[in-house]
Amino acid sequence: MRIGFIGLGGMGKGMAGNLIKAGHEVLVWNRSQQAVQEMVSQGAKAASEPADAFDAEVVVSMLADDASTRAVILDSGALDRARAGAIHLSMATLSVAFVAELIERHAKAGVDYISAPVFGRTDVAVAGKLNIVVAGPQAAVDKVQPLLDAMGQTTWPLGEDPLRANIVKIAGNFMLASAIETMGEASALTKSYGVEPADLLNILTNTLFAAPAYKNYGAMIAEQRFEPAAFKLTLGLKDVGLALSAGQAKNVPLPFGSVLRDNLLEAVAQGEGHLDWSALGGRALKRSGQA
Amino acid sequence: MRIGFIGLGGMGKGMAGNLIKAGHEVLVWNRSQQAVQEMVSQGAKAASEPADAFDAEVVVSMLADDASTRAVILDSGALDRARAGAIHLSMATLSVAFVAELIERHAKAGVDYISAPVFGRTDVAVAGKLNIVVAGPQAAVDKVQPLLDAMGQTTWPLGEDPLRANIVKIAGNFMLASAIETMGEASALTKSYGVEPADLLNILTNTLFAAPAYKNYGAMIAEQRFEPAAFKLTLGLKDVGLALSAGQAKNVPLPFGSVLRDNLLEAVAQGEGHLDWSALGGRALKRSGQA
Amino acid sequence: MRIGFIGLGGMGKGMAGNLIKAGHEVLVWNRSQQAVQEMVSQGAKAASEPADAFDAEVVVSMLADDASTRAVILDSGALDRARAGAIHLSMATLSVAFVAELIERHAKAGVDYISAPVFGRTDVAVAGKLNIVVAGPQAAVDKVQPLLDAMGQTTWPLGEDPLRANIVKIAGNFMLASAIETMGEASALTKSYGVEPADLLNILTNTLFAAPAYKNYGAMIAEQRFEPAAFKLTLGLKDVGLALSAGQAKNVPLPFGSVLRDNLLEAVAQGEGHLDWSALGGRALKRSGQA
Amino acid sequence: MRIGFIGLGGMGKGMAGNLIKAGHEVLVWNRSQQAVQEMVSQGAKAASEPADAFDAEVVVSMLADDASTRAVILDSGALDRARAGAIHLSMATLSVAFVAELIERHAKAGVDYISAPVFGRTDVAVAGKLNIVVAGPQAAVDKVQPLLDAMGQTTWPLGEDPLRANIVKIAGNFMLASAIETMGEASALTKSYGVEPADLLNILTNTLFAAPAYKNYGAMIAEQRFEPAAFKLTLGLKDVGLALSAGQAKNVPLPFGSVLRDNLLEAVAQGEGHLDWSALGGRALKRSGQA
């Protein structure tokens, strides 16, 4: 299939690479040229502007946030110049308010919009083992299924309204942040009685909490090792904000979400914004004077 | 081995049953006689008072809380009449303040005190598959190891200070409560966008959160089915209180713990104290007017 | 002085009325014409569009929020057509992000921008007894001082950066919301021991808390009388949001603010958005099953 | 009247002094003898043990907390040796659980128990200007009214159940803590936009919040001056705990109370337990990296 691919950050490069490996013709665009050259060396073609990527059957986008997606997809005029009948497979984590706007704009442009955000970090993207939640027009989803299969280990279909995939992704990231905070508080509690976080988390993440989220972040909290950042704390603050604002629009209070936001803000204020967001799990130790 | 066993609630019966099956001579005591007769029919002998159970090499206790443990072990005079050199294997979930007092009292009575609280609900106790965290004098722990093996699938040793096992159990229950609240909030969020809790939790508990804690409680939250109560919400409130008071004694704030306490109190005030504590995971839906 | 006045809600009418009484020539504009006619009957002249109001030495605006201010002042083109050297005395409660944008836009348009938000409800505005916090270019503030004197009992100068007045207003409203929540929680606590909120609040608001904020809102909470709404709960939610977003921009966590937001959202979800925001002070009684 | 007076801390000395000045015969007891000698030099007589003080028509107690009251009144045997028909005017801030126990013990001892906790710090006690909330048997209250008049500027009667006065005092201290936290958060917010806490609080405490609680604590927060401690932060933590435990007994969640507890614990963990409890109002500045 002829695919445009926009956004070659850590995640995007792994995903685009797997599309190339699967035999697709991939036309890539990225703001910085270095990543473009990397992908070209793997077999991609370079697009000179975002609109070129939209001159394809399917365009995949994996940009950082609302602002960059707005700039590259809408403000650049790329969407307006999309090929008739194109499908936009939007895989970034975006706010519900902005996705609602995107849906409207794509409808006007005659382009099918699919939300397909992913769970998994860079290494998982490279391995083609992402979990992908997808929602959009069924025929369009059927058409991009081979692409989803190339990038992920499992596709989780959520119906035709793209917002549904979007909100599940936001809820999932909220759950991750909660797990991190939970392990941080539990660790501070046991440490005050002489039990090291590593000892606590070894037990719990091999029994009741034997799940990837707890094992991965638990290991970082056990060692209080928050660098290098696979996902920066400031991005975690952004994502918790997506949950809170999505909740606010529907009058859904999220008291854990509020605590997370406050603790992440405090972390940024204390100079930890550049750390991995698992550093949230180190705040309780600091607050209690134990680190 | 000749074992005294005190406390035949749902958990205690399963645990004592496995000791009998393993070939030990078990002398049981319980406040209500019905449970005693059940165990007698399985091969136990009935003790006429708690002190009789303390006339054994090892006495296992599995009582409901601080108050019942105080009444049965201390106020009844049972500990004072313990056989010299006896070992008390205390498996209930108790406050750190009370365990500190128990340690002191046992030292005076010349009885070894071991804390060995368990993770697992009634069915797991019956199956002999509990996860047991244990801390106490090493020689004593070595001696009771066959008993722990009969009751649990894994023993997690935590050193010689009994408080260490105690605080890990308290931290574990706090983590469970956090997981329940987290799923409740995430469910309320996605439901407000039309995604049913069951659809959200199906995805998350089969991927990032594929762990027993999330699967078990997630299923109950997905169905909003909180009866019958395997572990009552009022007991959950008590256990979160154990975490908060343990934290307070060491100046460790637990902001998630505070939210949990407030939400559990609200649930009790709204008449939900008799439900399973997973009903905590239904509060967010109610608060947001969706249930 | 020749004054344009934009925004004739409950507050605006009282304020414009006092300018007329003070002998100024007031040209009013409002989206709905009824309020315009009221003011004309008091001696104002009617402007046919917002831009007309900007053809004055000083234009006063008192609109509901960011969105209406953006629509009327910016999007209508009014600011772009302002008289050279005009002063815009902006008295609404606006977000810091939007005020920052307004400052920039006014600088480009060659119009002095003064922030002068007010403390006081409708009756206080009518009586000309508002407390006004003001910040902006000193010469411009000096020039509008007679107008501030006509509308308020006291002007509190805060320097030349308009954002300073803005943030003080936001902080003040946050403090009011905190006082309401505080009285609500205290009332729920004492009522559970048989002490009516009215008895508690009678004592406290005549001693340690003998201040207008506590007396006014305390009376409403004592009677659990939240209608008619002098300031709607949904507006309170908006204002607490202004504090939270202002804090977020500077990495300042506001844990009380987070609780306020969650409780206000819950109130809206429970159908109380149309009540006076003092209804926030009734939530604790409801949550604890006492109302 | 012949009065026993137990507890000569900063508050007690001022209160006992005013009873002496009013012409009463005051028999004082205190753990440390220095304060006893001070009062003797003002005209008091020294009691050699607590029980001596209970050999009077009225015994006033003003001890630090539950523990010291239990030790001095109950465990010492003083109450058991009280004169028949005596009245105990208990003015300390005690937990509702302990007051319930005291009521029962006094009934058995044939001693009337009156709760009469006070609002006001040391200087107010010396000046005889305390606000006193009182509840107990009416005839007994009538009899001690001259004593209350000597110690306070106003007596606020709350009926015959002593717990009613007790819970109002607890609620009042909770409201003070909330006011301190509120000013602290508001100050951190405005400071991040360049407005000093002193400038914010000058405006608010002279307008909407022109009340003693806000003026007194506001001045300390404005200057970030938290020494010397008129009321230590650790005592504030104790008092917030009294509110939370009183609420818990009746299923009343207090979300602001939970935040206060967490922030006070954090302050103690950070080494601020010895400061005045207004130091709670400095936490937000520290958390946001501004102090």
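Descriptive notes on the structure:
Each chain gets a letter, A, B, C and D, in the order it is written, and its residues are counted from 1.
Throughout what follows, a contact is a pair of C-beta atoms (placed from the backbone, for glycine too) under 8 Å apart; a residue touches a chain by one contact, two chains touch by 3 or more.
Just so we're on the same page, UniProt names per chain: A, B, C, D = NAD(P)-dependent oxidoreductase.
Keep in mind that this is a model prediction, so the values were computed, not measured.
Taking each chain's centre as the mean of its CA atoms, C is the chain most distant from subunit B. Residues touching across the subunit B and subunit C pair largely coincide in numbering: over half of the numbers involved belong to both copies. Centre-to-centre separation of subunit B and subunit D, using mean CA positions: 39 Å. Subunit D has its Cα centroid 53 Å from the Cα centroid of subunit A.
For subunit C, residues that reach two or more other chains under the stated contact definition are 247, 251-255, 259, 262-263, 265-266, 269, 287-289. By the touch rule above, subunit D contacts subunit B in their complex via residues 241, 247-248, 251-255, 258-259, 261-263, 265-266, 268-269. Those residues of subunit D lying in contact with subunit A across their complex are 265-266, 269-271, 287-289.
Here subunit A touches subunit B in the complex through residues 96, 119, 131, 133, 154, 156, 158, 161, 163-164, 167-168, 170-172, 174-176, 178-179, 181-183, 185-190, 192-195, 199-200, 203-204, 207-214, 243, 246-247, 250-257, 259, 262-263, 284, 287-290, going by the rule given at the top.
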